[in-house]
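All chains are identified by letter, namely A, B, C, D and E, in their written order; residue positions are counted from 1 within each chain.
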Amino acid sequence: MQIDNYLIRQTSLEKLFNNLIGNGKTVFAPQASEKRILFEKVKAFSEITDNYLVTTNAAKSVVFPRTEKLFSYKKTKETTEITDASTEAVPEVVLWGTRPCDAAAFIPLTDTFNGDYPDILYNNRRGKVYLLSFSCATCDEYCFCTSVNGSPGNTAGSDILFTKLSTGDYLAEVITEKGKKLVAENQTLFEAAPEEEKEPNLAKVKTYFNQDEIQAKLQNLFENPVWDEKSRACLGCGSCAFVCPVCSCFDIQDEKHGSKGTRLRCWDSCGFSLFTLHTSGHNPRETQGARWRQRILHKFLYMPDKSKVAGCVGCGRCSRVCPADINILETVTSI
Amino acid sequence: MNNPNIYIPYLMRIEKITQEAPGVKTFRLKFENKQEAEEFEFKAGQFGEYSIVGVGESTFCIASSPTRKGYIECTFRQVGRVTSALASAEEGDVIGFRGPYGNTFPIDEWKGKNLVFIAGGIALPPMRCVIWNALDLRENFEDITIVYGARTVADLVYKHELEEWGNRPDIKLVTTVDPGGETPDWKGEIGFVPSVLEKVAPSAENTIAIVCGPPIMIKFTFPVLEKLGFADHNIYTTLENRMKCGFGKCGRCNVGEKYVCIDGPVFSGEELKLLPAEY
Amino acid sequence: MTEFEPKIVAFVCNWCTYAGADLTGTSRIKYAQNVKIIRFPCTGRIDFMLLLKAFGEGADGIIVSGCHPNDCHYTSGNFHARRRWIMFRGLLDLLGIDVRRIQYSWVSAAEGAKWADVVNTTVTAIRELGPYTDYAKVANYLEKEANV
Amino acid sequence: MNELIQKAKSLLESDTVQVVIGYGKGSADKTRAIFLTKPEDCDQLLFDSRCVQNLAVYLTKHEIKHLGKPAIVAPIPVLRSILQLAVENQLKESDLVILGVSPESKLIEFDSFGAIELFLNAYKIQIDEKYKATIDKIKAMPVSERFAFWIKELEPCFKCYACRAACPLCYCPKCTVENNQPQWIPAASHLLGNLEWHVMRAMHLAGRCTDCEACYNACPMGIPIHLLTKSMLQDVEEHFGPYGPSVGKRNTLSSFNPDDKESFIR
Amino acid sequence: MSKIGVFICHCGENISATVNCGKVAEVAGKLEGVAYSTDYKYMCSDPGQTIIKQMIKEKGLDGVVVAACSPRMHEPTFRKACSEAGLNPYLCEMANLREHCSWVHDKSDATTQKAIDIVRTLVEKVKHNKPLSTIKVPVTKKALVIGGGIAGIQASLDIANAGHQVVLVEKEPSIGGHMSQLSETFPTLDCSQCILTPRMVEVAQHPNITLMTYAELEKLDGFIGNFKATIRKKAKSIDEKLCTGCGLCTTKCPTKKIPSEFNEGLGFRTAIYVPFPQAVPNKPVIDKLNCQYYLKGKCKVCEKVCPTGAIRFDQEDELVELEVGAVVVATGFNIMTTSEFPEYGYGKYPDVITGLQFERLASASGPTLGEIRRPSDGKIPEKIVFIACAGSRDPAKGKPYCSKICCMYTAKHAMLYQHKVHHGESYVFYMDIRAAGKNYDEFTRRAIVEDKVNYLRGRVSKVYEENGKLIVKGVDTLLNAKPVEIEVDMVVLASAGVANPGSEELAQKMHISYDAYNFFSEAHPKLKPVETNTAGIYLAGACQAPKDIPETVAAASGAAAKVAILFSQNELSREPVVAVVNRSAPPLYSTCVGCFMCATACPYSAIGEEEIKDRKGNVIKKVAKVNPGLCQGCGTCVAFCRSKSIDLDGYTNEQMYSEVMALLNE
């Protein structure tokens, strides 16, 4: 689809925000607190921070909540009544302030939740999300989007991508139908495209490797000491998976209160030792090394093999939060 | 019901409960909803998610044959929370079922061939489905041999059916128990499945071998089959990794690139050799 | 509007308070219906998680009661329990879980009247505090929020 | 520092230990746990104020045990954890070599747990005044407000269990949260599940926690869960006297004093 | 799920007067898992029980809830009924609708609702009940008695006379204990040795009693009915089989100036010695710490003179393992060394002595042959002061408790003194006279009235020497706290009774508890005075607290009766409410991680270690293991276990959790 370019004034951003709220949309945007920056529901433009590299958490919870009701039930001695936990009625959500890597992550995520078994709970939510991303002007040593076919100004996944220009105003690239709809609803705020080039305003993210090459190399790397070596310090927590914008492993859990209850889907992580444990006591992935291998291979080999899209967008969140400082980039580049 | 929400189970009423062995039960399940019953189809080798609402779901294969319409059966051992809750269910209770999931045994391709079924312990159920399927289409196949072993005589499941198969002239049934697991009046073999198989030595000529059992049994059975001249592509088995969703999303049943729930659970020997040892 | 009837769970030991509550019955001393008893062998057996679970399932108040110090049928179960409650209470208080809603008491097998008094004063106190809506909001969060 | 490197080298050279667990350079300006199995790698060892991860957590991990007998670089928080692990029968003196590091970055060798205890007598666990003030501030809030404060703090918790994984004293192979018969703590991460998990975690550390702050450092969401354990440490001191791990002594909650005082039991 | 039967009892009108029983039965019938529900006028009556039994059979019930009175009343009744109908009795629970509901509430819907809630809760519990069977423990019918004083002697004789084997272990070379040291006994003034010696001989000759003197408990493992005791028999350096007890060696031994323990240091003994003439066994031992041969390698005089060649210098300590079913602890007490009270001058002035020393002075077999002569110069004291409560009832410097026997023996001492030194003057400083006991008060009265002993109510602040006399400074509180000063020849301190040194260690060896003063603790201060909290271990006498002789003998007989009761059964049946450590599939084997904090919390030391081995026999890990013989089922360990690896049968985590859930949710 043709990308339409516009200029949006710095001062118009707030108006755009207010219009979105005014139209009954729920807006999630980065909010800063002492030790973290999170995508949170915001009511006023002033609550939003623009001083962030990436948020601590990923935006995925908007479409894949960390705990989601699948259905509820009521049981009597004779009958079982199941009530679908439909997501049809979820409100429209604007994700404001996603980075290009965040937006790109929605592509593999949507892949996972479709295929032969489309997940309507996910799809309903995804259908109501508008992704208003902001290009990256800065990066750090954990960023490697350019190594996984992304870039600090990548438009893939976003509905509109804003890039701050030297004037303080923004280039708005309108990528999708949804984006165009938003522009149409706020026509007065979008002006003719600026002259200024986008590229100089983007961060320079070093390219460490090439996704396709890595994919090829990983084909024959199942048995390799690198997995144990690089995961030795791994504590077996799930922080990497939970902050990852692509990771979507989940568990299904029931909660019961007397004769009523719910079945829930909740986040899970391949890093947990119990993830694959059989009731018999057998565990196909016995060590943290095997689990780390699964994480890497899943993202850089299995997913691209299956659906042509890598399972990593190079945001670097997992490495930033890892309590044992295990660095995904380090593992991948050491291969 | 055909609910677009893929997580919503069918409601099925337990029609009959059979105690197969200590801690092992078979449920015969019937759809609560007539329309669902009519629309439901599955093939040999497929599995489902059985659940008690409020407790959770558990994965087992469908143990009845697709040729027997109107109901499905499952056989399970009581080990964890869900299987314990299932085990305490009574006839007439309603449980949940999602499925069928996974691939199937290519039974149509086996027309005109000999079949050897090799199973150990609680792994007979996935086999039972395909055995009955083959028996119900008996004329499609040549010789049928079943080698089945368990730890003890008490642990053999489907005892009544074993008796029935044993009495049929068109099946060769060999049952065995581990040394020490026999009773005084045990008439079958004594020994582990792989060695009994070696003794029975079915011809590999025009024969398909279907193997189901605990990892240790599989590990020792494959070399025997190889020795007997079975080509990898004529051997089939099923894998039982831990699963939650059953349709390739929850992420825990990967064996390498394959999802056991959608790419399996049925794998040929040929495919299995390409998989990393992650099962 | 009908008066608020608090739901109160009593966790009691078999040898002292349960027997004491039996004596309350035998003595036909009346008390409020709001309190229902769960019998444990000893206060030492009472898992702190069960108290939390009770709040999670909608209890407005809790009574924990066992043998007086030195009277434990098992000699020291109540001493262990006391330490546990000292620590637990401190933690709950820090977290803002209303410790006024948990009444601890020692009621012996001979203190039928005391049991009635413990129940009645607790019911009155919880009635004054009102339903534990703060906690209920947290407990029912999923019911309301999850799929919206 | 050199002292430490030389010692580590000689331990590996003489095959006294098969692995040295220490701190090395990490990504960005972080340090990280490193596991050295070759003497020539020992030059990677470093120690400075950034080395806050509690390495004692690795002593009970089966992947690390697999490497053989370890020597461990042990600043004071690690020493405390080692001692507590010893109290809880998780470590024997012969299981490891301890390369103690004093607050002056001096290498101190310990030949017994008793020696560690003696050394630690000079470094009693003390709650920082700043934390005391924070705890006091929280305690001063009205109960409803306090509850709201914590619910808000705990809300971002997505139960990655990094707090558990980083804690040297959370070494159970199957944690209560993984116990589903009954399901004590909801597996799901929601307000109630998060609250119950953190109450339980804190209670399980009551009288055991050695105040290393590993849980807080590990939390990707920066939730101040260490305030819970710190406050409980204060409670232990207030009610049961000064606390510090001591081999042969019982833990606070597995012991009692008939004269324990409380004010709330009628 | 499940097939539970619910049986609602009206209890005549006791329940139905305020609870709508029909409604409760109706609602219960609709609960999931309930296969049958009914109400009946008297569930506990024969017809009532018949309904339950019938329904168990007819409906194939796998659980029963009887909603009636308190389980403390009729649980055994209904469990028995279930058992008779073929249902495991532990699948039956009672819902307490009478004591906890109908009797304490007025008739109302709320009362009926509460009854429904209670029933629902118990139904949920029963869903998680498991069939349990009573625990059978075999009983080894042999008792170990530790301590050969009057308590141990009495207990041994009683048990032996009941027809059971007894091993009596005494750490000294002879049995007899403190009682053998006494001169006369209160309140009858009969000669202590005269009444004791026959008992000692009886012990030695009893066919059911094996006597081990000069021996101590080394180790005690096991549990009720099945203890394994290791006894250290200290080397006596003589061959007891050869020794005839002729006594030649003791007369010839060159080391003669060793203070005699028996005489409380007021006399001497040799290095090879028999502690006192009536000792049982009457055979000498060599005191290795004082024997010239052991000290310097030379002497062997005893060996030379022994006519039977019974001396064995190379003898070593021997460890004997015994299997016993019960243990009676009768290790007695000691008296406080009053050197802790410098103001009384004990140890500084030879004529300030303890009560026990006075006993030796007054004893006909003592160093002065029964004459009261003071230790310093052997003169008969003309004036004597007895100080009661020397160390007792003194929280500041001594023991806060009353030593109980001092008032009586002080009166006895004063009386004996007056009887032996007719012109002498005696004074007793006391706080209160505690003479509760049969003929006790009469006895103290007699001392005051007939024997003219001067009782002064007040404490002594100081004893010091001046001009060869002891000056006792005190206060007479009955004379307006007037200071008193008495010049005397001798001072006797009624020093406090204290626990034996080493009793803490002994208690730990046996896993029994002890109080702050190291006296052993009884299982219940009122109802289980001779039991300890470890089943199968009993207490006799003053090892528990200071006791006089009749009390000691009574306790010993009580302990012996408990042993005999235990031994009257071939095996013990125990309620199966015991804790269990879980087992799971390998490689975990158990979720227990072996921190053993449960073991430190267990009041019964019922938790030990178990090594888990793989198929090759390698130890993979150590986990806790509950000894069902020792576990009493309090469940403290269960609430304590972080990984939920221990559970308590009958009150499992699943059961208690389900109860909470069900109570609050419909």
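One rule holds in what follows: a residue touches a chain if its C-beta (ideal position, glycine included) is under 8 Å from a C-beta of that chain, and two chains touch if they have at least 3 such contacts.
Note that the structure is a prediction, hence the values are computed from the model and not measured.
Q: I need the common contact partners of chain B and chain C, sorted by label.
A: Common contact partners of chain B and chain C, which must touch each of the two, are A, D, E.
Q: When you check each chain against chain A and chain E, which touch both of them?
A: Touching chain A and chain E alike, sorted by label: B, C, D.
Q: Just grab the chain with the largest centre-to-centre distance to chain C, centres being mean Cα coordinates.
A: In terms of C-alpha centroids, the chain at the greatest distance from chain C is B.
Q: By CA centroids, point me to the most central chain in this structure.
A: Of all chains shown, the one whose C-alpha centre lies nearest the global C-alpha mean is D.
Q: Go through C-D and B-D and name the pair with more C-beta contacts between its chains.
A: Result: the pair with more contacts is C-D.
Q: On a CA-centroid basis, which chain has its centre farthest from chain E's?
A: A
Q: Please compute the C-alpha centroid of chain A, do the same for chain B, then give the distance between them in whole Å.
A: Once rounded, the distance between the two centres reads 39 Å.
Q: In whole angstrom, how far does the Cα centroid of chain A sit from the Cα centroid of chain D?
A: 32
Q: Report the inter-centroid distance (CA atoms only) between chain C and chain E in whole Å.
A: 35
Q: Do you know which chain B residues sit against two or more other chains?
A: Answer for chain B, listing residues that touch two or more other chains: 56, 80.
Q: So which stretches of chain E touch two or more other chains?
A: Residue numbers touching two or more other chains: 584, 588, 601, 640, 653, 657, 661, 664-665.
Q: Counting only residues that touch at least 2 other chains, which ones in chain D make the list?
A: 174, 176, 181, 184, 188, 190, 253-255
Q: Give the pairs of chains that touch; include all such pairs.
A: Pairs flagged as touching, ordered by label: A-B, A-C, A-D, A-E, B-D, B-E, C-D, C-E, D-E.
Q: Sort out for me which residues of chain A touch chain D in the complex.
A: Touching chain D: residues 34-36, 38, 56-57, 66-67, 140-142, 228, 231-233, 235-239, 241-243, 251, 253, 255, 264, 266-267, 269, 272, 274, 287-289, 319, 321, 323-327, 330 of chain A.
Q: Sort out for me which residues of chain D touch chain B in the complex.
A: It is residues 180-181, 183 of chain D that touch chain B.
Q: Show me the residue ranges of chain C that touch chain A in the complex, using the header's touch definition.
A: 57, 142-143, 146-148
Q: Touching chain C in the complex: which residues of chain D?
A: Against chain C, the touching part of chain D is residues 135, 138-139, 141, 143-151, 176, 184-185, 188, 190-192, 195-196, 199-200, 202-203, 206-207, 227-228, 231-232, 235-236, 239-240, 252-258, 260, 262, 264-266.
Q: Please give the residue numbers of chain A that touch chain B in the complex, ascending.
A: My answer: residues 70-71, 73, 75, 79-80, 82, 84-86, 112-113, 115-121, 222-223, 248-256, 261, 263, 265, 268, 270, 275-280, 282, 284-285, 290, 294, 297-298, 301-302, 305-306.
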